[in-house]
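Taking it in order: structure first as structure tokens, then the write-up.
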Amino acid sequence: MIPVTHLSLLSSALFCLGVYGILTRRNAIAILLSIELILNAAALNFVAFGRAFGHAQAQAFALFIIALAACEAAVGLAIVIGLYRTARTVWADQVNLLKG
Amino acid sequence: MPSSLLIQTGLWALTLLVLVSAGFVVALRNLFRAALSLGLVLVGVAGLFVLLEAEFLAFVQILIYVGAILTLVVFAIMLTARVSNPRLPPRPPSGSGRQRMAAALVSAALFILLASVTRALAAAGLQPGQAVSLSQVGQELITTLVLPFELISLVFVSAMVGAIAVAASRSPR
Amino acid sequence: MVVPALLESLRVWLPELVLSLGAMAAMLAAPTAVGAAAGRRAALATWAALLLAADALWQVQGLPSGAYFSGLITVDALGHLFRWLALGVIALVVLMVVSSSDVSRGWVGEYLGLLLCVGVGLMAMAQANHLLMAYLSIELVSLSSYALVALVRDARSSEAALKYLLFGALASGVMLFGMSLLYGMTGELSLPGLQGALRTLDASSAGALALALTLILAGLAFKISMVPFHMWTPDVYEGAPVPVAAMLSVGPKAAGLALLLRFAQALSPAWEALGPMLAVLTVLTMTLGNVVAVVQQNVKRLLAYSTIGQVGYLLIGLSVRTTVGLEAIFVYLVAYLFMNLGAFACVTAVCNESRDESLDAFRGLSRRAPALAALLTVFLLSLAGIPPLLGFLGKFLLFGSAIEASRVWLAVAGVVNSAIALYYYVNIIRQMYLLAPERAGVLQAAWPLRLAVGVCGLATVGLGLFPGSLLEWLRAVAAATRL
Amino acid sequence: MPALLLIPGLPLAAFVILILIGRRLPPPVAGWVSVGALVGSCALTWAIGGDVLHGHRPHLQWPWLSAESGFWTIGLAVDGLTWLMLAVVTSIGTLIQLYAIGYMRGDPRCSRFFAYLSLFCASMLALVMADHFVLLYAGWELVGLCSYLLISFWFEKPSAAAAGRKAFITTRIGDTGLLLGIMLLAFAAGELHFDQLDAVRSALLLQHREFLPTVISMLIFFGAAGKSAQFPLHVWLPDAMEGPTPVSALIHAATMVAAGVYLVARTFPLFTPQSLAAVLGVGLFTHLAAGTIALTQTDIKRVLAYSTISQLGLMFTALGLGAMPLAMFHLTTHACFKALLFLGAGSVIHATHQQGLAHLGGLFRAMPVTAATFLVAALAMSGVFPLSGFWSKDAILLTARHEQAWVFWALLGGAVMTAGYIFRLYLRCFHGPAPTTPTAVGVHAQESPLIMTLPLMALAFGAAAVGLLGSPVSHQFFHLFGLHEAHEGLDLAMLAVSTAVAALGAWLAWTVGVQHRNLVPAAARPAGAALYRLAAHKYFVDEWYDRIIIQPFLRTAERLSRFDLRVIDAAVDRAGLTGWSVGQLKNWFDQRVVDRLVNGTAQTVQRLSRLGRRLQTGVVHHYLLVLTAAVVVLSACLRWF
Amino acid sequence: MVLSSLLLVPLLGILAILAAPRHAERLIQRLATLATALTLGLSLGLLAKFDPQLASLQFVERLSWIPPLGVFYHLGVDGLSLPMVVLTTLLSFLACLASWGIPERKKEYFILYLLLELGMVGTFLALDLFLFYVFWEVVLVPMYFLIGIWGGGRREYSAFKFFVYTLAGSLAMLLGILALYVQTHTFDMIQLAAAGPALDPGLQKLLFFAFFLGFAIKVPVFPFHTWLPDAHVDAPTPISVLLAGVLLKMGGYGFFRISYPLFPEGAQWFAGCLATLGMINIVYGAFVAMAQTDFKKLVAYSSVSHMGFVLLGLASLTPEGMNGAMLQMFNHGIITGGMFLLVGVLYDRAHTRELSAFGGLGARVPVYAGLLTFFSLASLGLPGLSGFVSEFLSLIGTFGVWRWQTVVSVLGIVVSAAYMLTVLQRVLLGPLNDKWTQLSDANLRELVTLVPLLLIILGVGLWPLSVLQWQDPSLRALIQHVLAPR
């Protein structure tokens, strides 16, 4: 018997850790990793609630989340590599040509 | 209730695994290790999926996330490993103290907010008989959710094309 | 039983299908040829797709409104309007893409393909009736946009793309988490289902609901650049190629508003609580956008802030939540589509020639390209809300809706902001007309640009002078949309 | 009655012709056009004279501002008073214009000169013929304009240009009073026609007792005082002598300056005892003060100017005494002899190109006609029996003796001065030694041409004889005012006193003014010298005006202009459209309030804009932090508020 | 259709000029002159056909324009707008003649010029609040360019200042229009005049104030007047003429056409303020004008002073006062228009406007001197010329209502005499400055522009009924409407 509150607390914690990571990591790839945490937290929620409500759609939603995470990672990493190529850095706080 | 006990134990173990390795992901200096920690998180979450009787999803999680995304990440880390512009001064990998304080504060506040509302969620709790079978999910995917399927394919295409074009070393022609 | 319904649904979805196929075709057409020919083929495919999609959209309009694809999307007047808007945006931006020098010739196929993908995403956003659809369509738009921004592959565009990506990923992650909370509370994923479930929700879950709503709002607010979720906007616009910035300034704004409207409609009892906050954010948005635009020197950045300001005006209609407000939003969106894209098209023409994005590039433009300068003036004046241009009408209705809803202070804020906005719009006009040109020679814009500018100019002036039928249509749409 | 229209119409036509094509006409023709028109008016005036004398009142009206309401119907009307003025203006005007043909010969802008003169005649005639306050006011302003144009006719001289402006503005200050009076009358009585004034008076007295009529009449008198150069608005007239002499004769002696007297006479029913007392006071004071100044002036025309002021003061004194017909009688005789004096002076100036008494003398031999006619005028003005001045002044003295004895004595003193200054002038010009200064050209002076001396002789006849019309010999004059009872007869005592006074004045003029014998006892000399200096400097009125009115006025203008530029403009510029205008309460207010207000919109916007720019740091972490913080704050707000 | 043709002709002119090649400058200016002349002719034809006995609107045209909003293309003239329309077309024509001397970019100039005329005429003809606002704003844009491109001095600053000030005012007005629309759901001024007075008095005051801001800036009312001297001074001569001659009248006209009929309660409530503001305008403007050394600036400030009489007359709500105010608008347009033309004539030759630089021109350029004297006299309110009639009417109409404001205003007359004569003295009188011995007198084109104005000044001055008869019935009806008991 898995209490839903346990899981949603866990996913909340995961979510907040992800947020913390996003806000503190300087390396763009590390930030992308933190974003994966957030997505996982959301997916976990969906699966847990879907289990509670007995919905198949929730699992499908989680499936789509995983797929999208893959896409996002691909595009994100491509952008990081592009950035590395043009700016010779992957540290997100070092790129501030654009401001004001 | 040995199975129940097993489940409880597994649940706590997985929770611990997920949280600790998530902590590593956000805290470890070494990017490579952070990525490996993320793998642990993903595996932990997959384990939770198993506990929630969503075995297919756990399988997909391992396959796609750990197998594909993480590999990609590792590649990217290696590609950009020779960090970086030597003229830029070396600094700690996770921002200044003030930034970390603020981040911690915000995250903690967010957690408090989230935690304060969990009670309202899925109040019904989990019933054993409600497990969703894989066939149900498959049925959904080819009937109700056919449109998202179409869309995600388009997302795949655009993401791939975009990623390739962006990462490509130079203009094709 | 499933299949006929699916076929019916596919008919409704035909424009998007056509566009998707066009996207593939454009991307595939590029490698089949070399040099300019590749671009031409891609453009051909794109135009074919656009025209076919327009035709399909025209046909589809007759179909009965209601939920399709098992309730994943809804077909109604609102959706049609925004699909047309999305199509318009994409068509105009395509005209800019094929002639912008920011866009490297070798990647035209990719640009066009991604643009069409964005188009599909925008259309899907406008019709989404389900949390999954909303999330997917937003992501489709976002991911394609990240790539579009990054495609120039210089330091600034990479930086812009990175910022856009990180900001967008966080925002959509937050939204996704909010959706999961919403689902957890109600057990519903479709919007009508949510609407029903929220009615029966007890008071104890109000806090959870509020939190979920805020999280979802964050994701949508990011799309429409609402303060305080606007911070990516200026940097990304400045780094992105001009046509992409143009697309970003209109497309996602319109679709995001449509989605916001749908959420507002579905979550109506709970949404009420957002009212005062939304009104405050409305004022903040327009004020920040207009005020910060005053000191900008880069024209793309200036237009980015201007976009934020314009979104602020649009939000007036959302925060009053009346039919009149809806109608005002629609009118202003149509106006905004033409005047803003027209302005961007003019900027494209100027930047193509001068490679200079600062305001100085516009010096003496009236002597080098009188027609272009005149039309840009029209667009800017329309953005500033000078009658009889279409932008004035939109603003008129927006402020009117605020007064009608007894929120006079919103109208006053709008008026004050219009006065501030005049400052920087007129500054560009001043550069064009009152200062001597920095470089000699006549500036000749490429024909697609001239076409785009001409169409936008015609619409801004013509619809401003004779908005009768447009208004009637939009009023009908507003009436058909329940809030 | 087209004749009524033609009376001012003919000179107006002359004006139009001259202003349009005058420059193409040969100079004498321009003059003759003007004279011809005025002769026509003169003839018409005399033609209707008989009717008027028999109580006929020609009247012509037309709608002005409103076709329906009778209130705004204006028109021309002639009654006895008007006819008298018409006769004076047209007759004397004709003579003076004739004279001017000779005087202005050779001036390049001769036609312009006659155009202005014609315009003046037209406006003056319209003024006196007006049956409505507004039309009178119109004529009133127009004569002021002509006065301005003619004073500054030789505008290359800066002093002439300045004098013209001074005249216009000073009289306009008076006009303001008149305008206010008209407005008050219109508001209180709802009637502005002159023929209703009696009814208006009784209505006003009934409703408002004496207060309102007093205020109205005082305002009107203020206007009259401006035009007639009464203290304290007299300062413009002496300066006005910068104009050509025929202008001084016509406008600043015979006609325009008398318009003030006419105005008071015209609105006489409105005057209450209180306001008449004021008129009397001002008139008498001006009479005496101007007389003393005239005694000390050394410029021929200025002496005559102060003399005019003084004589006008006498007329106002008569008005103040309630003797309106007598004032008009003196106006008439004064017009004759003062015009003659000016023309004579003009003749001298024309011949010698000198105006200062120091450079003149012994001209009798060279210019016998001028000298003789001048003498006639001087005698007439001094009130020597039986010349015209005697009859008019005598009647006023008599009335004064009946009404208020002290006025009589004061007037006697004035009479001494009158004789004194005019004979001082006459004697020093035409008799005594010729000046020895090299600039003096008196000895070579020649008599003026016939066209100038002819009017002199005609006027001399008038100055001698006009008085008889109001004398016991012929009572015609007062019939104009509907007075038919017999004159009280020739008062021999008065005759004697008057002649003695004139003789005293002439003797003093000879001994003091010409022979330079000092008659003042040694003890009183310092005080006398001080008084002399005071009078010679015209009691420093101009200086005082400059200090207490003109300079403050200019400073105010300057200050307001700066205020406009710095405060209003800056305030509105910067503080948006808050529209406050309190920035004047300088120092502390400026610093505490204004500065903060002033740093308003435009600057604030700029500042805010830069601030907003700084928030956009370019570091993506900050953006992300803002996003997250916003989510937290917004949801917290939503949760707990 | 006659009213539409007034709008159509400038529009056709614009199209024709657009079609003309850029370098055919002669053709372009002839086309523009033709268009303005035709418009003038049409408006004179209107004058002939207008029935002055009727207080109601005539030649009304009403077509549905934006049906969903209830906006109509609704034109009409009555005694209030007819003199303004004639004034506009006349000054447009004359200023168009004066524009022949514009040195560069003639094509753009005349396009904008005709657009300006279109907007101005439209403002006076519109009977639909929405349409009115559209025309009102349409005027702004060409004006900005005309000052900013072809002006002198700090032209950019002045143009921008003009734009921002007026726009800020009209935005306040826009709020008023919106609030009114929300209350009544119509833009039709005639219907609004019937419905407006029934509104809550508090709301009426608020709305009156909103509209007041819009109109006051245009008039301009102290302390919103500071755009005026800058704009007038830096604008090219023909544009100064239109600015002073027509644009300021749009503000005054707004009071007559909108503020008074729609918000009678507000009008009565505000009348005291209006009278005081009028007084301040008159005296303050005159004083500030007195201190100016720049000829054009002096004339500009004299406008502030003269427009004060309009406010004063408006505040009176008496037939005399209102007639005076209306007539003053017409007269001021003619007189100050003429003054600006004269300043322009001088500036074209001497390239300076400093009063102290001149002197003694009276002998050198007699025709010009005569004209300048004439217009100055008209400006200082000499009887027999038009300015006197209107100022007198304003004063006498207001005297019974706002006693002290009127008394103080009378002072302004004295000051206006002072500064006008100072101008004459500095420019025309005194010894001739050696610099100007080669100055040429007014040429034929300049005479053609000035003489009609001169004749009008004289005509109205001698026979004021000629203009008053057009406006009087409408004004009386208006007063009756405002003062009607409710």
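Each chain gets a letter, A, B, C, D and E, in the order it is written, and its residues are counted from 1.
The criterion applied here is as follows: a contact is a pair of C-beta atoms (placed from the backbone, for glycine too) under 8 Å apart; a residue touches a chain by one contact, two chains touch by 3 or more.
This one's a predicted model, so the numbers in the text were calculated from it and none came from an experiment.
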item: Required minimum of steps from chain A to chain E, each step between chains that touch; value: 2
item: Longest centre-to-centre distance from chain A, chain (CA-based); value: D
item: Which of C-D and B-C has more C-beta pairs touching across its chains; value: B-C
item: Most widely separated chain from chain C, with each centre as the mean of CA atoms; value: D
item: Chain nearest the overall Cα centroid; value: E
item: Separation of mean Cα positions, chain C and chain A [Å, integer]; value: 26
item: Inter-chain centre distance, chain B versus chain E - centres from mean C-alpha coordinates, in Å; value: 72
item: Centroid spacing, where centroids are CA-atom means, of chain D and chain E in whole angstrom; value: 36
item: Chain A-chain B separation of Cα centroids, rounded to whole Å; value: 6
item: Overlap residues in chain B, where contacts from two or more other chains coincide; value: 95, 99, 102-103, 106-107, 110, 113-114, 116, 118-119, 121-122, 144-145, 148, 152, 155, 159, 162-163, 166
item: Sites on chain E at which at least two other chains make contact; value: 168
item: For chain A, residues that touch 2 or more chains besides their own; value: 4, 8, 15, 18-19, 22-24, 26, 32, 48-50, 52-53, 55, 57-58, 60, 64, 68, 71-72, 75, 78-80, 82, 85, 87, 92-93, 95-100
item: Interchain contacts, given as pairs of chains that touch; value: A-B, A-C, A-D, B-C, B-D, C-D, C-E, D-E
item: Chain A residues touching chain B - in the complex, by the definition given at the top; value: 1-10, 12-21, 23-27, 29-30, 32-34, 36-37, 40, 43-44, 47-60, 62-64, 66-75, 77-82, 84-85, 87-91, 93-94
item: Complex interface listing, chain D residues touching chain B; value: 621, 625, 628-629, 631-632, 635-636, 639
item: Residues of chain D touching chain C in the complex; value: 605-606, 608-610, 612-613, 616, 618, 620, 622-624, 626-628, 630-631, 634-635, 637-639
item: Of chain A, residues touching chain C in the complex; value: 4, 8, 11, 15, 18-19, 22, 28, 31-32, 35, 38-39, 41-42, 45-46, 48-50, 52-53, 55, 57-58, 60-61, 64-65, 68, 71-72, 75-76, 78-80, 82-83, 85-87, 92, 95-100
item: Residue numbers on chain C that touch chain B, as the complex places them; value: 2, 6, 9, 13, 17, 20, 23-24, 27, 30-31, 34-35, 38, 69-70, 72-73, 104-107, 110, 113-114, 117, 120, 124, 132-133, 136-137, 139-140, 143-144, 146-148, 150-151, 153, 161, 181, 184-185, 187, 204-205, 207-209, 211
